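You will see subunit A twice below: alongside subunit B first, and alongside subunit C after that.
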Partner chain A sequence: MIGEFSKSGVIIGLLSSGVRLSTPFLLASIGEMFSQRSGVYNLGVEGIMNLGAFISFFIALKTSNPYFGIFVTILIGLVMGLVTAFINVTMKAEQGISGIGIYFFGYGLSGLLFRLTLGSIVTTSGFEPLSIPILSKLPFIGEVFFNQNWMVYLALLLVPISYIILFRTTFGLKVRAVGENPHAADTLGVSVAKIRYICIVIGVVLAALAGSFLTIGQIEATFVDNIAAGRGFIAIALVYFGRWRPSGILWGSFLFSFIDALQLRIQVLGTKIPYEYAVMTPYVITILVLSFLAGRAKGPSALGKPFEREST
Partner chain B sequence: MTRVLKKELFNSLVINLFVPLGAVALALLIGAIFLKFSNVNPFDAYKSIFFESFGTRYGITETIVKATPLILVGSGICIAFRSGNINIGGEGQMIVGAILSTVVALNLPGFPKYFLLPLVLISGFLGGGIYGFIPGFLKSYLNVNEILSTVMLNAIALQILYLLLRGPLMDPKEIAYGTGYPQSARITESSWLSKLIPGTRLHAGIFIALITAVIVYLLLWKTTIGYRMRAVGKNPVASRYGGINVKVYLTLSMFLAGGLAGLAGAVEVCGIHHRLMDGISAGYGFSGIVAALFGRLHPIGNIPASFFFGALLVGVNMLQRSVNVPGSIVYVIEGLVVIFVVGTEIISRKILAKKVSTTIEKVE
Partner chain C sequence: MKKALMMLLVALLVVGLFVGCKPQEKPVEKVKIALILPSGRDDMAWSQGMYEGVMDVQKELGIDKIEVSVTENMPNPVDAGAALRDYANKGYNIIIAHGAQYQNPVFEVAKEFPLISFAYGTAFETGDNIFTYDPQAQDGAYLFGMLAAKLTKTKIVGIVGPVKAGDAIKYNYGFIQGVNATDTSIKVLESYTGSFGDTVKAKEMAIAHIEAGADILTGTAQQSVGAIQAVSERHVYWFSSDMDQSSLAPDSIIASQAYYWKDVVVYMIDSRNKGKLGGETIVLDFGNGRIKLVFNPKLKNLITPEIEKLFNDTFEKIKNGEIKVKLPE
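Right after this comes the complex of A and B.
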């Protein structure tokens, strides 16, 4: 009897940490989905995540208020988003390469600022879990989904919200049109540049918030160099995995983060399996999943192509 | 006639020299702001970077030592990017090349140098090549985005390196003394690249790098294979209608790019460390991309670009030691250079377009 109980406790713990771990993926992937739906890759997500993680941590530490951290991170995200959009849309840069530049920049800058301002590992308090009345009392589901902090709820809510925006609004129609056939959209009077600017900024702000979650999204927040640790790139892979749809991204993020939660649990249990295998597994699985699924997935037709009006 | 020629020369100078140099100047300017924040006088910092890297014997040799892997990785990047593969996997390919070359060197200690050294270097090339082949194959035949797969493969290669260095490849001495530092045993001296100047780290690898750059240039511009790879990179659909097997050339270019990164890994092992160790790739796999882009994806242009970034690495190392500037600033400056180089490409294109239209006017 007691054995049974503790076993279900382990499973609940595993699932609830899986839901928690899916948050940064969901935030960054849904943002990247908007960007790619409008026809622009943003491969700088990893760098933006690192930068967002540092900024929100630093502000939360200095003001003792994590909400200020979120506020400043959004501002920085807006600025970085506009810069990214300027490079990719206005300057029509090769997106695969400009993204690497943004990745280097964000990664380097977060490390640089960390060394200059803090220099050593310190902690501050992040967001506490917010139990949702009634729902959190539900057996099993309550513990897994409704006993998390507000960023987790935000990420989960973004799935239906982004679905509605993308498939049920005029704006979403324009986004998809610009990503599929920018010339047709342009002929109909849709500003390709404006839509792409908006989508890129959405993507970068969400990527920065995904970074925030890695620091102040934890009860005890801390920052270490390269805190995103590849999550930004995995978030991009999840967009492919989810075939540019919010629901697909949700399942991909869950699958991935449950494996991650399991991997962490196995490490804690201290089995004989070397630690390196555990770290490697999510990457191996991502490659395998992409190999089996990518062939059938088809992204927005104009993805990666800068828009140029044909001159007559 | 001479005026037209002069104008063309001027235009190509603007495109190939001034635009990238302007981009670097802008990047250094923004870098200066960050240096200012680090309480370092940016002017003094850049001056000492320059004098340290080009003015002293130590600086010059170290710049060459750091330019060597950059030239090799960058030459591979030229092949990959020109063929339409955005290969971010230089780090992983370097690591696998270093692993394979070390394993070969450790297991064949009794052979003479003229046999063993080339064998070890070729093993490095093959190791990196196989590791580049994987994303190439996945892209061509299974439609897996190569940017993502190479990033994942970098992370996997790093873990494989740790696994080996903490396991089967760990130096028996480290185990015996109980220090457990993650490094392999020293490879036999007959697999070392010769030192060029005693008392410095300068080794013969620079010649391998320079020769490789020339070979890559010849391959890309003077052979059918190179022509086809570039055609595939420019326009895969037209290439297929033209009868080129696009998938084969995409995969081949990734194999070659990975191979050259792997060779860089082998050269680092045979030329400097003489063993496999943690941090063997030292970020060259990434910096090589920046150098290649800065060299306009031309293997010969990549050579001065690699010296430039090699010098930057030496200079920043020095700043890190003397005035405590965090090493991360290298990534900030490199990121800015990439952003500015690709961001200003449109200006070069506009100048080119203008040139074409003026030529047409003249003909008319």
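Right after this comes the complex of A and C.
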């Protein structure tokens, strides 16, 4: 079996699969990171993913153009983001509860719309892989990273981009200030509400795009009820795993996804390990790594606390 | 005054009594069927098959004879238990909990409602008012394994399983036997996603099979929709189960093993009319026509006359019991 793995084709397949599996996590987690950095956690990611998955699939099916699907998904993401922000920032809702509400709303609405509009499982064409010239010819890395579709590139590019935004721009500084000490930020004239609105909207739009990847991010796109299958919740866990940093989220997503891709292949190549153990490994290892790294960093101080200007 | 009022009241009551007893037309014997499904009624697999079966019964016997209620997306047996009790309290006559995982709640609720028929499956353990059903998934799977062994060019075939339980075990076991009985040099890869519904994971698993060299795949449950995407993208072949799925990938799905639940539901209604509320395992197999293999006309050209003859012979042998496809212990 070790011999089978040493074949480069197998390893390339494994890594490509890991990159594909990590894409929805990266998109959703980086979005959630912005939201949490500004002090608001959104547990509704899973619901938004399901909704984004449906909307993008439906529009792609009806227009035969997956790019329209992405466009409409972003619009819906904006609307849902504003609604989420209104509930959490303006109405100062208990974030744990409102998040679950948003989850059920997205999950239920996607299933309902699917039934009302399509009523049965159908397929359409999603995005084809987009080989990046020169880079895709690189041995090994080319096949793994540069022969995917543009949504994968977007997810990977978001890591440095979000790092720069968060740590190298005034906006990023404001985001972090609002998440750590909203009162101080407020005194300095930063609009806490505005920053949180923007961050929540970024989070929801990216969660919706993560959903799109599950449907039209595949060459043969299809939608089934509850297609996110828990990925939205794992994405939230990965924000904690990544210590609210883009690089940490990248490693967390890769770790989880590569081990998942690996366990699929270990099963396929045939071992005596019961499949239940194989299926568990990504979760177990992620938890193990997390517990070893525990205590090194803490989340934004104002996370989960609605901002009250008058409060002491 | 008080007395007069009393008289009036009594008179009213008496009149009311007669009004209540006014000659009624004989009530139509309506059978009320409740269906509890683990996934959506449009999952293109296990749940949809049963849903369509029940709806066909309603269409055939008439909407005035059959009333149907459906509860979907109940993968959790505890939630399903609440739904079962709810339907029982509302006076449904036949309550079908469509999954092996519902065994415990079915037995619990059935004890309290001895006049209601319950049904669940794939299973064998019946009760006085509990039917079970048992599709012989391994039979068609055996034939598919045989066809796969004949058609594979890479000499590797794969099974993308959901959870190692119920229908999936029987199907996979049959498929492996079919392959081995035809050509022992062919390797069967077998793996499980650990989920009935995670299509995205099933797709990645199917890709892992294809990258390992498999050119014909098969699998069960609603997750198989994802695996079918992968075979369609990578231009290999697939054998379907549960229902005819060829519309999902007309260039890849060679054949489907489809369950015809209508007959099972009709059987339960007839049994009830004869006074038998349960206590029987209803088998679905080729012999009684409750399982059929549906070939995709678009890929019919793959089946050469030689393979077709082998298929027909083996089909007959399974039907008349000459070949007995084994089940796991």
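The rule we apply is simple: the second predicted complex is superposed on the first by the 270 of 312 C-alpha atoms of A that agree within 3 Å, B and C clash if a C-alpha of one lies under 4 Å from a C-alpha of the other, contacts with A are read in each partner's own complex, and residues count from 1 in each chain.
By definition in this document, a contact is a pair of C-beta atoms (placed from the backbone, for glycine too) under 8 Å apart; a residue touches a chain by one contact, two chains touch by 3 or more.
What you are looking at is a predicted structure, and each value in this text was computed from that prediction instead of being measured.
Q: Looking at A:105 after the superposition, I want to know if it touches subunit B, subunit C, both of them or none. Which is it: first, second, both, neither?
A: first
Q: Once chain A of both complexes is superposed, is A:94 in touch with subunit B (first), subunit C (second), both, or neither?
A: first
Q: Can A:248 be said to touch subunit B (first), subunit C (second), both, or neither?
A: Neither partner.
Q: For A:283 in the superposed arrangement: first (subunit B), second (subunit C), both or neither?
A: In the superposition, A:283 contacts subunit B only.
Q: Would you check which partner chain A:81 touches, where first means subunit B only, second means subunit C only, and both and neither mean what they say?
A: A:81: touches no partner chain.
Q: Quick one: classify A:39 as touching subunit B (first), subunit C (second), both or neither.
A: neither
Q: Give one of first, second, both or neither to describe whether A:115 is in contact with subunit B, with subunit C, with both, or with none.
A: both
Q: In the superposed arrangement, what residues of subunit A touch both subunit B and subunit C?
A: Shared contact residues on subunit A: 111, 115, 225, 230, 276, 279.
Q: With touch defined as at the start, can you tell me which subunit A residues reach subunit B in the complex?
A: Listed in rising order, the residues of subunit A that touch subunit B are 43, 47, 87, 91-94, 96-98, 100-112, 115-116, 225, 230, 233, 236-237, 240, 274, 276-277, 279-280, 283-284, 286-287, 290-292, 294-295, 297.
Q: Write out the stretch or stretches of subunit B touching subunit A in their complex.
A: It is residues 34, 37-38, 86, 88, 138, 142-145, 147-149, 151-153, 155-156, 159-160, 162-163, 166-167, 286, 289-290, 293, 326, 328-339, 342-346 of subunit B that touch subunit A.
Q: Tell me, which parts of subunit C touch subunit A in their complex?
A: 39-40, 42-44, 73, 158, 161, 164, 189-195, 197-201, 203-205, 207-209, 211-212, 222, 225-226, 229-230, 232-233, 247-249
Q: Okay, in this complex, where on subunit A does subunit C touch?
A: Spelled out, the residues of subunit A in touch with subunit C are 4, 9-10, 13, 17, 20-21, 111, 114-115, 119-123, 214, 218-222, 224-227, 229-231, 260-261, 264-265, 267-270, 275-276, 279.
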